[in-house]
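Down below are the structures I want you to see.
What follows is a pair of complexes built around chain A, which joins chain B in one and chain C in the other.
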Partner chain A sequence: MNRAIGGGLFSLGYALLFFLFLFGPLIIMVITAFNSSAFPRIVPWECFTTDWFGVLFANQRLMTGLWASLWIGFAVVALSVPLGLAGALALSDLGPKARAALYGTLITPILIPGVVIGISTIVFWGAVARGVGAGYDSPFFNGIFLTLLGQVSFIASYTMLIFISRLQRFDPLLTEAALDLGATPGQAFRRILLPFMKPAIGSAAFIAFLASFENYNTTVFTILSGNTFTTALASKVRLGTDPSLSALAVIIIALTLIGAMVREAHARRGERLRRSGPSGLYASPLTRTLVHPATIFVALAGFAAFLAWQGSRHDASVCRANILREKQEMQERLLREQQERMHRLQQQAPAAAAPQAPGNNPSPFGGAFNPNTLAPPASTIPAPAAPPPASANPSPFGGAFAPGSLAPKQ
Partner chain B sequence: MSALRRIFAGMASRHGLGVAFFVAGAVLVWIFVLIVLPQVAMLDFSLRHNLPRSEIGGPRDVYTLDNYRYFLFGSGSGLNTLDMGVLVKTFAAAAFVTLIDIVICYPIAFILAHSATGVGARLMIVGLIVPFWINDILRAFAFRVLFGATGVVNGIGQALGLWDTPVDFIRADVALYSALAYTYVLMMVFSIYGAVETLDRNQIEAARDMGASWWRVHWRVVLPVAKPGIASGATMVFMLTAGALAAPQILGGPSNLWFTQLIYQWFNDAGDWQRGAAYSTILLIACLIFVFLTMRVFRVSIGAIGK
Partner chain C sequence: MTKDVVLDHVSIRFGSYTAVDNAHLSIQGGEFFSFLGPSGCGKTTLLRCISGFVQPTEGRVLIGGQDMKNVGPNKRPTALIFQNLALFPLLSVAENIAFPLEVRGVGRKDRRKRADELLEMIALPGTGDKKVHELSGGQRQRVAIARALAADPDILLLDEPLSALDLKLRQHMRTELRAIQQRVGLTFIYITHDQGEALTMSDRVAVMNAGVIEQVGDPKTIYNRPRTPFVASFVGETNSIPGQVVAQFGTTVTLQTPLGTLSGQSGGGRDHRPGAACLLFIRPEQLFTSGSAPGANSFLADCEAEEFEGSVQTLHLKAAGLPLRLCRMNAGGLTAAAPGPGALTIGYDPQAAIVLPQGADADAAA
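For the complex of A and B:
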């Protein structure tokens, strides 16, 4: 008994730690989306702002990439769902040996690195184009067409896995019965098997769309000189980060959570109605409507829209101006102190100009970096956070305000 | 051939001729046009010289092993230790990430299968899936925010007095390994869960009653059942990690390359597609050899993957 309780506590603690690991990075990213600091971080907190969402939507490259991604996503769904279904149906009709061979073949695209799929796709279709004498304006050199083919080759494997697990629960006697009762095989397929597969088709389409939208490894090769949302995002992250990406994460997480809650309501409703009929919450029409997935969706979406509307009216300019002024004052004070110090040094030893060397050592400010008095504002100084003051008086500090030399020292 | 015809006839009699044609056509197109021929084309391409477009198909367009020779020996004499080192390092790192995932996911899969019930289990599943839906790039970005010089981890560590100056987690690849392990947690958990779930709880109770300690229960009762799940999860995580491109590009330290980044460089920076194709063929073959060896060692069939 004791051990059982100890085990329970251990598993509870472990599960909590595990989910902290899963959600910690997401929570931190969400918080950074609302900090006005130009580098995504929590400390030092500057101002609460919603401006990063505006920055995100103003990014032309991301937005055109978004359209390309949506197109590719829908086309991938339209192709990979039938392919996956065909694969699953073929597997269900084979003997054990042939089945293992076909399964192994159709599952390898999942195991092949995405980079390899991308390269083989462009190389193959380039060869085909040479074979038929097609020029560079043909679809064989069109990034969207190639991305579509490259993605379908492995996303169809994902959809196939979903169809296989659904088919395993199918009772073939149903088809037999329909055939015995005079249905043609085609009718039996359309009226019995296809309706049975419907939920799997829905989730396969969903997974296929997500996988296509998220894909980077294959797409970065097959899209050629174009951009999808994900490749545009990746080049943005590689070049430098700003919290508009956190804002994007906030949007995606919100959509995900709404989707998860609606789905949960849907699943629970189905389960309850199946198990005990309309009872409890589902007995009265009012509460039944209240816990209906559609109601929950409308409520959540409305709430999100309200928050977005409120957020768009939030104005952080006053706070930003304050921070800016603080930084300017800070810089002026530092400048004065440095000048005094330089003055003293020149009086003592004319050759001692060394501390001025940029990035050499952040200590030429002497007491200015006394942690007790100045540490918190000093850490807000790094150049990217304060472009206006930096352009107002850029030279006196040399490179001493380069983020690399000061920021880590706090 | 006759076997294929019989299967086709069986399918036509059960689902109708239209369905049979659709299934046969779709599977053939999928296998040949989308899977096999592209790989063959890539292999063929990797055996050619990097020629200007006008000379392709001309007298100088002959087969060569040059691109593979370059991987082994570089342009001069002596071994190309740099590129081979990158491949070995990538595989070692992928194996390390896989191991981390096994260790952190096994307890969760066991808890999910045998301790959690009702709402708790549902919440856990949602909690596992939600992070998986976030874009790969954004996940890497989150770890950059987390592990940066002014990031949260450094902030907490310094506030607690664990270290004084910010630790460069990015250079030390800590951020990269954590992000990769994080990304593939879901696959590992569900693979192991699928296997552990089939275990009869009574077996655990029996072992407990016989006086086995908890680690002995896991070692002798649960682990043997979980083994196929661990192997299939490990295969997937390993392949995905070895083939990862986004996370190493975003989180990789300046001096550390992932093998996929080498391929990317041959393609996009050096413009030598043939050599890039050769390198990706090498990656593909190395991955497949590694996976088949693992399956041999752990006696798992490919049919267990993706369950």
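For the complex of A and C:
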């Protein structure tokens, strides 16, 4: 019995630790998105604020990167899904020897480091451009075009793997039956094979999009002077982070949760209706409509929109002004203490300490003018009404460079 | 309309492996024709060759007098019913049946009407909206036939379509298939390794072994007058007794066997030299027990065991070390007594026994 209780406690504790490990970082990140502190942290808690979302959307560099990423993502899906499907079909039709050789070749891009693919993409297409005599305004020197090619070259292998595993469960006799019944090869493909591949096409498109969207190590080379969302994010982190990244994390987590719940509703509905027909929740038309994936999506999206609207009306300036005043008072107090201490020192050792204090002994200064406590208030003093993040954010940097980086593309 | 199929010296090879060796026969329009043989004998390859999935290495396939070279499977007037049926799992029953019409561009309404007609014909009305996996094995079987018929073929090819069904259903489907064939009047080409299926349904049967067509004929000829030892032993039960030819008078051959001097009919009208090694094939139902002492064409045997199957009784005999089987109907006399272990006199009708040369192959196949 004791052992059972001990075991129960142990597994409970283990489970807690496990979930803490999984979700702890996410939870902390979500909280920091609403703290007005200019550095992402939860303690000390300063003010509840939604300003970081505004900062995020005001960041020109991130936003243009986001559009570039979305554009590239959809183009990668449009290219790599048909390419992967073609590769999988070719593999399934070959003899064992040729298949092993071709499989090895087609799978190599996954094994090659992304950095190598990135560099070789630039080098190769640069050589092609020189070969055909194309100038720097040609697609061969366009970051988005190169990123597209670089990403497709390995993401098509991912999609091909997905299609291969689905094709293995396809009975090739079905295609023969369709041909025998008078279908042309095209009709057999569209009417028999393609419907069978539909789930795989969906998941391949999804994975291709994600792989494209989150790719960094190939893209950072192929995008040249431009930016995708990931590379903009990475350079922002390198220059100094602020809670607007946490705000971004909140948005991504919210989108993921909504997507997961809608999908779950869709899956449960399909399973229940297929297995036992309409029963339980699915029996009455009202509840059936309520648990329909579309209803759930509308409800969740509406809820999120409501929260966003509420958040946009929240004003943290009063609280923030208080914090600012506190900080200023604290600073003044420290300054006073410092002056008193120096005064005492001068009285104790008027001959030796006085010339040394400013040059040789920085500790009285250093203790009081700690960069952590000093920097934020110092920068906010000139304009107390303006939100501090605006000036602490590197966006002025990005904003200044964004037009310059965009210009050659257009 | 029915069309005949001619296999003109067709050979099919995969690398060094010969799947079909010089198949040469013609199948008449409206005929129910079966290829019978053990698995791996090349009969499925031959069927795929007729339907256009395999090209003959040598020879020609003619359908309705037209050479089918370079005519794709979708352009041939054939419809194949696959061994696993190959129904489309993602389509409904009606969509499956209407598939051949759909790919020909027939409108949705006409398709549905035709599908319902065919469902009526195969006695499955009202199942059009079901999914294939909701049907039983026999129902799927009939849907596959309906789908093939919807393609409006001149020739229906069936590749062991009954092998996945249980015995009762199989027997039911045999009569059903035969009835459908007679109703629609198409040429049926049927592939099976089950001799019962081949004999009960077919107008003519071709027996295949190792890529070679050993004999073509109607079921009675195949069963009663086999031309090769393979046909004799593959189609039905038989007893084979080795011996040497003593003499031949007309078609009657006399053999010296371990059981004494026995005679039978020369299979395939061959002439046998005296002294040649031959086999005498006697069907179990052609053997009978006789009360008298052994005379011409009879011998002594021990009864080792008996099997009672209701309508038929099988005796396991042993004569001069050779195992033999004797079948007799459960009629009148049988109820009296089964012969106990001991010497029985066994006789047979020499007109129903066949003499074939040992190691004879298809040289006599027509």
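The working rule: the second predicted complex is superposed on the first by the 331 of 410 C-alpha atoms of A that agree within 3 Å, B and C clash if a C-alpha of one lies under 4 Å from a C-alpha of the other, contacts with A are read in each partner's own complex, and residues count from 1 in each chain.
We adopt the following convention: contacts are C-beta pairs under 8 Å (C-beta built on N, C-alpha and C of every residue); 3 or more make two chains touch, one makes a residue touch a chain.
Because the structure is a prediction, the values reported are computed rather than measured.
J.: With everything superposed onto chain A, say whether chain B and chain C fit together or clash.
T.: fit
J.: State whether A:Thr184 touches chain B only (first), chain C only (second), both chains, or neither.
T.: After superposing on A, A:Thr184 lies in contact with both chain B and chain C.
J.: So in the superposed three-chain picture, is A:Arg130 touching just chain B, just chain C, both, or none of them (first/second/both/neither)?
T.: In the superposition, A:Arg130 contacts chain B only.
J.: Name the contact category of A:Thr64: first (chain B only), second (chain C only), both, or neither.
T.: A:Thr64: touches no partner chain.
J.: With the two complexes superposed on chain A, say which partner A:Val237 touches: chain B (first), chain C (second), both, or neither.
T.: After superposing on A, A:Val237 lies in contact with chain B but is clear of chain C.
J.: Between chain C and chain B, which one touches more residues of chain A when both complexes sit on the common chain A?
T.: After superposing on chain A, more of chain A is contacted by B.
J.: Report for A:Pro109: first if it touches chain B alone, second if chain C alone, otherwise both or neither.
T.: In the superposed model, A:Pro109 contacts chain B only, not chain C.
J.: According to the stated criteria, A:Gln328 is in contact with first (chain B), second (chain C), both, or neither; which is it?
T.: neither
J.: Would you give the minimum C-alpha distance from chain B to chain C, in Å, for the three-chain superposition?
T.: For chain B and chain C in the superposition, the minimum C-alpha gap reads 7 Å.
J.: What part of chain A is shared between its chain B contacts and its chain C contacts?
T.: 179, 184, 187
J.: In the complex formed with chain A, which residues of chain B make contact?
T.: 3, 7, 10-19, 22-27, 29-31, 34-35, 37-42, 44-45, 56-57, 104, 107-108, 111, 115-116, 122, 124, 126-131, 133-146, 148-152, 155, 158, 165-166, 182, 185, 208, 214, 235-236, 239-240, 242-246, 249-250, 260, 263-264, 267, 273, 276-277, 280-281, 283-284, 287-288, 291, 301-303, 305-306
J.: Any idea which chain C residues touch chain A in the complex?
T.: Against chain A, the touching part of chain C is residues 51-53, 72-74, 78-80, 82, 84, 86, 88, 90, 99-100, 102-104, 147-148, 150-151.
J.: List the residues on chain A that touch chain C in their complex, please.
T.: Spelled out, the residues of chain A in touch with chain C are 171, 173-174, 176-184, 187, 191-192, 195-196.
J.: How about chain A: which of its residues touch chain B in the complex?
T.: Against chain B, chain A makes touches at 3, 7-8, 11, 14-15, 18-19, 21-26, 28-29, 32, 39-43, 82-83, 86-87, 89-90, 93-94, 98, 100, 102-117, 119-121, 123-124, 127, 130, 149, 152-153, 156-157, 161, 175, 179, 184-189, 193, 210, 213-214, 216-217, 220-221, 230, 233-234, 237-238, 241, 245-246, 248-249, 252-253, 256-257, 260, 264, 379, 407-410.
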